[in-house]
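Next up, some structures in structure tokens.
Each of the next two complexes has subunit A plus one more chain, namely subunit B in the first and subunit C in the second.
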Partner chain A sequence: MKKTVLVLLGLLLVFSALAIAQGYETMPADAKIIPLGQADTPYADAQPGVRGGIFYCATISNPKKWNDVTAHETSTTQYTGLMLEGLISTNPVTVAIEPELAKSWDVSEDGLTITFHLRQGLKWSDGEPFTADDVIFSFNDLYLNEDVETDTRDILVLPDDSYPVVTKIDDYTVQVTTSVVFRPILNSMGANILPKHALAQYVHKLNPDVPVGTFNSAWGLDTDPSELVGMGPFIVESYTPDQNVIMRRNPYYYHYDPNGVQLPYFDKYVVLTVASQDVSLLKFRNGELDALGIRAADVPILKSEEAQKDFTVLVNPDLPNYGTSWIGINEDIGLAEGTHDNERALFRTRDFRAALAHLVDKQAIIDSLFNGLAVPQWSPVSYLSPFYAGRDYYGGPVTEKDAVIFEYSLDKAAELLDGIGIVDRDGDGWRDYEDGTRVEIELNTNAGNTVREGVCLIVADRAAKIGLKLNFVPVDFNTLVNKLFASTGELIVLGLTGGPEPNNGANVYKSDGGLHFWHYSAADNPTEVEKKIDELLNAGVSTLDNDKAFEIYKEYQITLAKDDLGLVYTVNSAFTYAYYNKLGNGNLSSPVATPGGGGLADICYFK
Partner chain B sequence: MKLTGLRALVVVMSSIALLSVIGLGANLESIASNELVPEISAAAGMALADSYAATMTEAELEALAVDGRTIGLRTAASGALAILYRDKTEDEIMAILKGDADPMIRAAAIEPAQVYLVSVTSDDEDFKLTDYLKDIAINGETHEMRLAAAKAYYFMSRKSLKAADLEEQAVTNDSDELAYAAGETLSGFYLSFNPKTQAELEDLAINGSSEGLRVAGEIALSSLLIKSDLTALDFETTLLSIAGTKSAEYRGAYKIALANRYAQ
Partner chain C sequence: MITYIVRRTLYMLPLLIIVSLISFLLIYIMPGDYLTRAQMNPQVTQETLAQMRAAYGLDQSVLVQYWLWLKQIILHGNFGMSFETMRPVFWTLFMGGRLMWTIIVSLSTMLLTWMISIPLGIYSATHQYKPSDHILTFFGFLGLSIPNFFFALVLLWLLVAVVHVGPNLGISGLFSNYYAQQPWSLAKFGNLLWHIWPAWLVIGTSGMAGLIRYMRGSLLDTLSLQYVQTARAKGLPERTVIYKHAVRNAINPLVSMLGMSLPGLVSGSLITAIVLNLPTVERAFFSALQMQDQYVIMGGLLFFSLFLLLGNLIADIMLAWVDPRIRYS
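Right after this comes the complex of A and B.
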């Protein structure tokens, strides 16, 4: 009897699975059409493709979970990012915000209310309808639920420490109200939407039968992949630790190409787990991977095989990655201990910091450490951001007309040091403080990072040429981070991540920011320059007009680079990527989106 | 893939044409089986490797790699084995490399071995992977074992390499295999950070003072040839005209380029 029942259930499951796999009978009226190959669109250089094939890429880490809401790490979000979508998204070519699950939105005149109009007729990957209830669930019961451990809540907090109020108007309309104008709200509302029908059972607020915090462990790696549901192009089908994650096409994905072909093109998207980036590179060379993010050092190896094996090595020296690299000058050195008075006074002198900026031989760094594959950096905002001050207007081309350039100049550096009384007083060839003590500064970076170590050596070498003694001491990464947070380092070479939204750097550049590591005491006693930066950052989020915000952020960037100089920027590595030429639309790869790193997975295809 | 059109050439190059079966509408398998110009036969074999890997068993391929009547057939089998060997374990691959199998079979294990060689670890605090690889590249049991280690050595050293250093190491090194691998690596610099003209690469492939330098010229030149507008017929014509002359590496560049056209 039992056996019979089990068999019957099995058959039912099979039929059910077949029904789900059929997908939409016809293209939903609100489907999102990706204009591949259409002139005057961001996709003019792309082509409509054909369905089929298995895409292979690689990673060096296993996922930690399938729960996007509680994930902190890209080893998880590289999969959840393919499974889920938000109300809005950023275009993989232009980085502009565009409609996603919301087909449009209206902003009230006072800028305090955004009304999102959702696409209708869409379904989750299991065939359940997508409605406003999923949006309300995601924000009110997950992201804004104190029981849920999520980083997303941090990007939803408003300048007055309140949160947006998210309300359902009807099944396909959602309203978001804020107490104050907050420009990045649209960006913040791009957080992924989760399926209420699949996850509400784990939320104590909605299901008191489960303990508080149950959601935090929901959709763990022990979850049967058949329970995972999404709106994105792919859904996890299986996971084998240390081997691979196999994702299958979402039969209800709502992106279509101009020919009416439902995306994604690939049948499956497989991520191999490999021991190291070296193994990834070898597997790519063997043809076992279709695409790979590479580094400058990999370029010659791949170039020797590029033509023979029919792949493309994308190298764009003029297109840097997101992020910043810099020398941090600790203006609080010895403050807590009552030591380092000379150093602290020197580091707090703007002209010393400017002299250091003139000592950064960026071209030598680019040539000797990056084989030319890097660009000079001067702004805290990423080059690719539409708010980058090297542009003339929001999203305009980069002209660097207003760039704040401290060109490499030993003469100018020496002149600035002379001007603040840092001169050689005893004739030993090294510059001294006014009291006759030699200026001797420790320069740290994390040991083993050959590029950063190279930067330190170049800067110390140039400084020595004008009698400024910088002692390079590489230290363990964790020790370095401790030095940074404890304000015990003097000069530190490190980097920060970046992105298109300047306000994401508020925790670093605001005087009371948690990562304002070069001048933590500014939280209580900011300089006039820091006060100005605070004001500009607040102003930048208080307008919904991107053009106005651009002008504000331009002044912010120039002020930081010219007057603050707490961080002296060095160079930023260029974008490098490799893909086999059988991969259609791989040519759209950029620092923003790649076939293997997200953003293009739904529109790439096999020729 | 166009394999016809050599008839005119046959008229003007009758002595060479006697050696060649191409131009008679032959398919790749026929060229690999019957072509007497070794580089053309081998190019066809290189282009056949994928289909052989998909249609033949490992045992069949191992037999063909050893006993194949022509270099083209043996090359096709060895290339196909390299694909099948990707699924072998580290122990299996190393056993092939170190063992007494035919060199064509050991050659098939060189590329699959790279993944294992670059992943070697040790509990010894003083262990340094590049030192370990270099030692095998000098003292390995077979040429193929040494070559696999030499390739892995230069792969793992790539972050600190400069073209000028490689130019020296392609001439003078601790083993022939290390010099060869240095030349291979150097070719990538000639195609990226230290570009050379086609004429310079041709000269290097022919007149380079060591095998390593000539290999650098060969690989970089083959890349330029592949990216050119030249057709399979053009490459066949050149290979016919230089058969047995110039240098093996110069002919090798055209062989690689021809294999690329055959595979399209």
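Right after this comes the complex of A and C.
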């Protein structure tokens, strides 16, 4: 009897030891230390924190799958992005590239080879070791595998249409070789690394027993969450449709704070699916959410409760979010059908586009549609990018010294229109073409987007003041996109997402780009200006020197804004965020990273 | 009667096929398709898009696509896949207990609405033109006129900004943050009731006006008939006249209305469900509509149409069952 008890006690000790042994016994030598609270680092304004607590934030739609490689939209990648990491990452405060799964890298003299040295001794969330095999698997068997349906392959393509060659040197060293110098390749190598031991079974190339394309359905919503494996701070634990996604801490996450405490601080990260933004605002006010990305219209309501309910409303009217908002002028209208000759000639005249730029009353848009919380835009590159031409040098402060501004001026617009022969010829108050027909241009945007509709109304109103007739017709989003791609629209107000890398817009601004929707015919017949822009974009990726690239991209942005004017930019919403004061390090929130957006998920904590 | 039911059931099949064909054509006429949004992504090339189009079968003619879809259903019972989740259509629509929650919310709302409306309608009829009748009618129409989404939002706002309910009780969704992660218990059930009652109030009040007026009108018609006068002349107590004779006949048209509410059990009050964050089948369907996830849309439409036809059939059967004067050949 005594012996049985002793044996049982022994077993109990062994099992509890195994349970406690979940996670690293000691901090790995190659762990990434986040220098929270240390002076002269990007985290000088942060504090090291304590572990514990459940974090709640909200999102609008349900995830569609847990497969990061085949995901197409943010409702899915906001979760898969938290479960995975890449070789490099961008710092959530400075946007600079920094080591992540790779602790360092060397670039060869000719710039064609990058050798990554991986962190050693790291484990996946299920305890399996992380090695170069996982990196090779992710690139060669997933991203570059034609059977796998992924958007990432398009980011990896080189200017000569070839792909980088990724080879294993040893268990912790990986080499990437490109055929031409391609500056953004380092950024592209930041793609998430997937676990070979968990996913190889779904790839036909490695497991001929499964049909081709099985990976495209792998890790769907019906997968048992215990099968999901990653290197990121949180792993999905459960999913209830239209209610929430609950994520648990990854016991083998390799980020540590300066006190040797393993990150993330939160025990759990819960994202509530709240379809209505009005309701998520109410839930925030009710204390059910710890942080929320708010709209400009919500700011006054929250400001009045800020002190009483102990939360902070972060408002920076001078800091815009990523992305571009513009009026697209279709220079190919009627080209295929042989119609709309007057409009086409007009839209192709640079001075008409300049006149339109002078008609955009950006201040009125900012004041009436954004409550003053928006920033005028002039460049295709986002304000936050270190390549933004409003800076003096790469990553430098924004001075807007070289900004190309078309100030709101009815007189200048009228003067430009007079100069190209668009005047009122029959005395009815509206300007006409040279042949006497009245100028009537259709202005479209997607119905339901009240801000864009407001922009159209303001522009049409100002145009009417100088006798230019713009007819505003809101249409359904898909119809709008069709007009864009079929070159049947005239003026279209829309927007595109943005990021820190200017080359990500190459598809839009290159004369043969697939999204060069305002002038598709340029692929066969680019104008001089468009040729110059192509040259600049090609040059921008051919140098590895960021400072040289900055000068090239500066010229590109100024040329685009001043001479090309294919798109007339409007305004970009300013960054607004709200979080409860018990959330430590929430003060680092910016358009680059927020606790609810995932970028600060590992370093936020409850005080 | 049996032959009538069998014949009606057989009619459903060709009806459903016609509904499916019209729906498929309508989806095709909708501008763009599932991949239109992907086109706006600056980082996706035309080659990738063409590849995806072929993989999803979106590059074939509409009739070919329809025929392939129909063939899959008839031969394999395969209703297709959702492009978004890469999972079967009905799994996507019903997953995570959506169907169960939809029926729970709708059924409880319907029961409550009927249980309150019928007695109120009877009261209204027996106290015709008295002040109480007018007040009931007024509130009924008030509930009908206020748009549901607005009512739901105002209700939630009242709970947060005026009553200050706090995160322990929570608003919208099925459970508060705490109870969502706990196993079932009496307290969790109480929390569920706290989260569902706004749905009862919002959806119920819009349905009540109609029911009350129907009951009232039907009963008034019945009360004016001769046999009621005879019953009173016989010396029967008023209560027996009303409940045993008049109501039992007046309720016939409402019984067939009950059958017609069957489709409303699985589809209905979408916007209220969005505001109150209830996981219903219609929300999954709406999400598929927005993304033009065509096979989910088709599956959903077939499902709702089936319930509509079933509801019609049940309404007719119940009418025949309740009213001996009605007999189908």
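Just so it is clear, the second predicted complex is superposed on the first by the 586 of 607 C-alpha atoms of A that agree within 3 Å, B and C clash if a C-alpha of one lies under 4 Å from a C-alpha of the other, contacts with A are read in each partner's own complex, and residues count from 1 in each chain.
Here, a residue touches a chain if its C-beta (ideal position, glycine included) is under 8 Å from a C-beta of that chain, and two chains touch if they have at least 3 such contacts.
Predicted model, so just to flag it, every value in this text is computed and none were measured.
Aligning the shared subunit A places subunit B and subunit C in steric conflict. Using the contact criterion defined above for the overlaid structures, shared-chain residue A:N286 touches subunit B and also reaches subunit C. In the superposition on chain A, A:V508 makes contact with subunit C only, not with subunit B. By the touch criterion defined above, A:K123 lies against neither subunit B nor subunit C after alignment on the C-alpha atoms of chain A. Within the superposed three-chain model, A:Q308 lies in touch with subunit B and out of touch with subunit C [touch as defined at top]. Touching more residues of subunit A than its counterpart among subunit B and subunit C is C. By the document's definition of touching, of the two partners only subunit C reaches A:G220; subunit B does not. In the superposed model, A:N371 makes contact with subunit B only, not with subunit C.
When the two structures are aligned on the shared chain, A:T450 is found in touch with subunit B, with no touch to subunit C.
In the superposition on chain A, A:V270 makes contact with subunit C only, not with subunit B. After overlaying the two complexes on the shared chain, residue contacts for A:P300 are found with subunit B alone; subunit C is out of touch. Of 189-197, 207-215 or 279-287, the segment of subunit C whose C-alpha atoms clash with subunit B in the superposed model is 189-197. The intersection of subunit A residues touching subunit B with those touching subunit C, taken from the two complexes, comprises 275-276, 278-279, 282-283, 285-286, 288. Taken together, the subunit A residues at the contact with subunit B in this complex read 275-276, 278-279, 281-283, 285-286, 288, 297-304, 306-308, 310, 313, 315, 371-372, 450. Taken in their complex, subunit A has these residues touching subunit C: 54, 56, 61-62, 64-65, 70, 72-73, 149, 151, 153-155, 157, 213, 216-217, 220-222, 239-244, 246, 270, 272-276, 278-279, 282-283, 285-288, 476, 478-479, 481-482, 485, 496-497, 504-508, 514-515.
Within the complex formed with subunit A, the residues of subunit B that make contact are 86, 111-112, 114-115, 118-119, 155-156, 158-161, 184-185, 187-189, 191-193, 219-220, 222-227, 256, 259-260.
Listed in rising order, the residues of subunit C touching subunit A in the complex are 30-32, 36-46, 48, 51-52, 55, 84-87, 91, 95-98, 153, 156-157, 159-161, 164-167, 170-177, 180-181, 274-275, 277-280, 283-284, 287, 292.
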